[in-house]
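The structures come next, written out as structure tokens.
Next come two complexes, and both contain chain A; in the first it sits with chain B, in the second with chain C.
Right after this comes the complex of A and B.
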């Protein structure tokens, strides 16, 4: 198995103009963009166990440098994000070289996403994982009134830091509904229940690739991932779509579709 | 009626209805001129096509204290803009499930197809939806109801 450093060199030699990955600078992990093989950063690159939504940086890089090609280190979730972002016309997969990392058994177990590995694995061994459904099952066992009380309690801790949105690899809008004063009153903490959170949940529907960074980032420990996971289950159940799976098939919420789709939905 | 809807009207439930200009709005008109009886605690908003209704509008309606939201548009296949109501069916199918997961009773959001010729159906939809929402009582998302719980 080759190491990351030699992969970076190889990709730069083979036509990528830059390699985007993470580096470890005296214990601090941060994104690194390596543009030539002599870069001192090359000594610091590592796969590590940190995660970062590199796709967000790529959106800007691809726009800023329309004639450049980028290689990027991707875990399963990063790859799903890029696939979905390409259908939303935010990244151009043709100008990207994906270097896949499979999450370790410990990472996969701790994260619990559906597919903790990318389609092409250059580093690491593929392991399967099972998404945790405890929170969803718990919520679904409650009555309507109890469910509302449960979520109200969870969301009462929200300090409206926007961390969930800011870390989210799938959030790229310039104008965000969460900053629309008619929907989310400025200066009110916690934000109105359930508007703030349902707006985010809806915007994640058919889009969230279940990386779990939102929940990791949330300083209030709100089980956001379970909410967005449930939205993807609804999406799969009603409209037979799961974000990040196919590079061609687009979210049914992003185009009108056909009468047959609606007949199926109404059954 | 409008001040009743916006203001404090005690036990009465408040319903917001989004009606498509080309069908249900005319259906409501027909129900009126045909003198079909139906409850009056509905505030309607005429839209040019149900496909223009953002889920945010519905969220906003509940946030403002509506107890039920009705969306009524052209039958599938009859949308004036051909496919606008496909989006309606998809969006609100998803939104209803999402609200349910958060604990808002499914019955508070209803989607119906009512043509311009279906005055009777319009009256019936309003009657049955009002009954359903009444049975559920005031929305748990009403600001007042919330203050009541906290007090």
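Right after this comes the complex of A and C.
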């Protein structure tokens, strides 16, 4: 296995016009775009501990530089994001070279996603981790009324920063329902319960790739990830679809389904 | 979209949100030669990867069409574009007249979150040492 520096250099010499990775900038590891195989920045590249929405950054870069090819460092979640974004026609996988990094056992355990590694691993060792279910189990032990009260208390802390949407690699719409005054009243904090959070949760259904960046960005510590995880579990259970898993199969919510699909949902 | 042949560039400039005294860590995104967005700095000791809506929008005023880029002096009901020499002379005359007639505490200084720390320091220095008032305030306190 080679180190990240040699991989970046190799990909840049091998046809990629730029490499989106992370580099250490005076002690802080940040996303960086490296365009030259001889750049002194190659000495600074590292995977780091912090995750950034590289897929979201790539959407903009692919549009800004429409004739360029990009290599990109991907964890399992980044790969799932790019796969789903490709089906939603936001990125062109043909113009991307994915360089996979597996999350460490510690990272995987702390994060709790179903697949803490990409399909092709260039760096790190693949580890499996138990999916994070603590919050879901806690909520499911409650009665319906108690659940409502539980979520109401959680969302009462929302300061409507839009951080969950802004950091989300799967949120790319130019016009966002959460900024429509007839759906979300301007100037009201916390936003209306439960409509604000239901709008976002529904938009995440069949789309959320469980990276957890929303929850990490939430200044109020609202367990958003568990809400969206539960939505994805329902999607898999009822419609046999999990976002980011297959490059071909599209989300059943992104096209007009059959009567049978609707019957399945009603079961 | 970038001009043909222009060099590819995307970088993040670590900075501190200017909007209040908390000091959250922001990363200003630069695409090409344009300030294109803001991300939270994930390992920042103060904000730990979270921002409020002001921090997330901190880049927006830079290219705002409502931003004043030239000095203006009010003439009757309308603002008239002028040069810095004339604008500063109008400010000095106005402040001196108010202070001489009503005393230094008749004047107040309102600093700005969109200025640097050093510029704000100079403004309070002007207020206290030159005009002689402690009437200094800042939009981040409101």
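Annotations for the structure displayed:
Note that the second predicted complex is superposed on the first by the 257 of 267 C-alpha atoms of A that agree within 3 Å, B and C clash if a C-alpha of one lies under 4 Å from a C-alpha of the other, contacts with A are read in each partner's own complex, and residues count from 1 in each chain.
Here is the rule we go by: a contact is a pair of C-beta atoms (placed from the backbone, for glycine too) under 8 Å apart; a residue touches a chain by one contact, two chains touch by 3 or more.
Because the structure is a prediction, the values reported are computed rather than measured.
On the shared subunit chain A, the superposed partners chain B and chain C are arranged side by side without overlap. In the superposition on chain A, A:32 makes contact with chain C only, not with chain B.
Within the superposed three-chain model, A:144 lies in touch with chain B and out of touch with chain C [touch as defined at top]. In the superposition on chain A, contact of A:218 is made with chain C only, not with chain B. Legend: residue contacts after superposition of the two complexes on their common chain; A:157 is shown touching neither chain B nor chain C. In the superposition on chain A, A:50 makes contact with chain C only, not with chain B. In the superposition on chain A, A:166 makes contact with chain C only, while chain B stays out of contact range. Panel annotation: after superposition on the shared chain A, the angle at the CA centre of chain A between chain B and chain C (CA centres) reads 100 degrees, nearest 10. By the touch criterion defined above, A:64 lies against chain C but remains apart from chain B after alignment on the C-alpha atoms of chain A.
No C-alpha atom of chain B lies closer than 23 Å to any C-alpha atom of chain C in the overlay.
Within the complex formed with chain B, the chain A residues making contact are 139-140, 142, 144-151, 177, 182-183, 192-195, 197-199, 201-202, 205, 227, 230-231, 234-235, 238-239, 252-253, 256-259, 261-263, 265-266.
Of all residues in chain A, only 17-18, 20, 25, 28-33, 35, 49-53, 57, 60-61, 63-66, 68, 159-163, 166-167, 216-219 touch chain C in the complex they form. If you check the complex, the residues on chain C that touch chain A are 1-2, 7-12, 14, 27, 29, 31-32, 36-37, 39-43, 47, 49-53, 55-56.
On the side of chain B, the complex with chain A involves touching residues 51, 55-56, 59-60, 63, 76-77, 83-84, 86-87, 89-91, 93-95, 97-105, 140-141.
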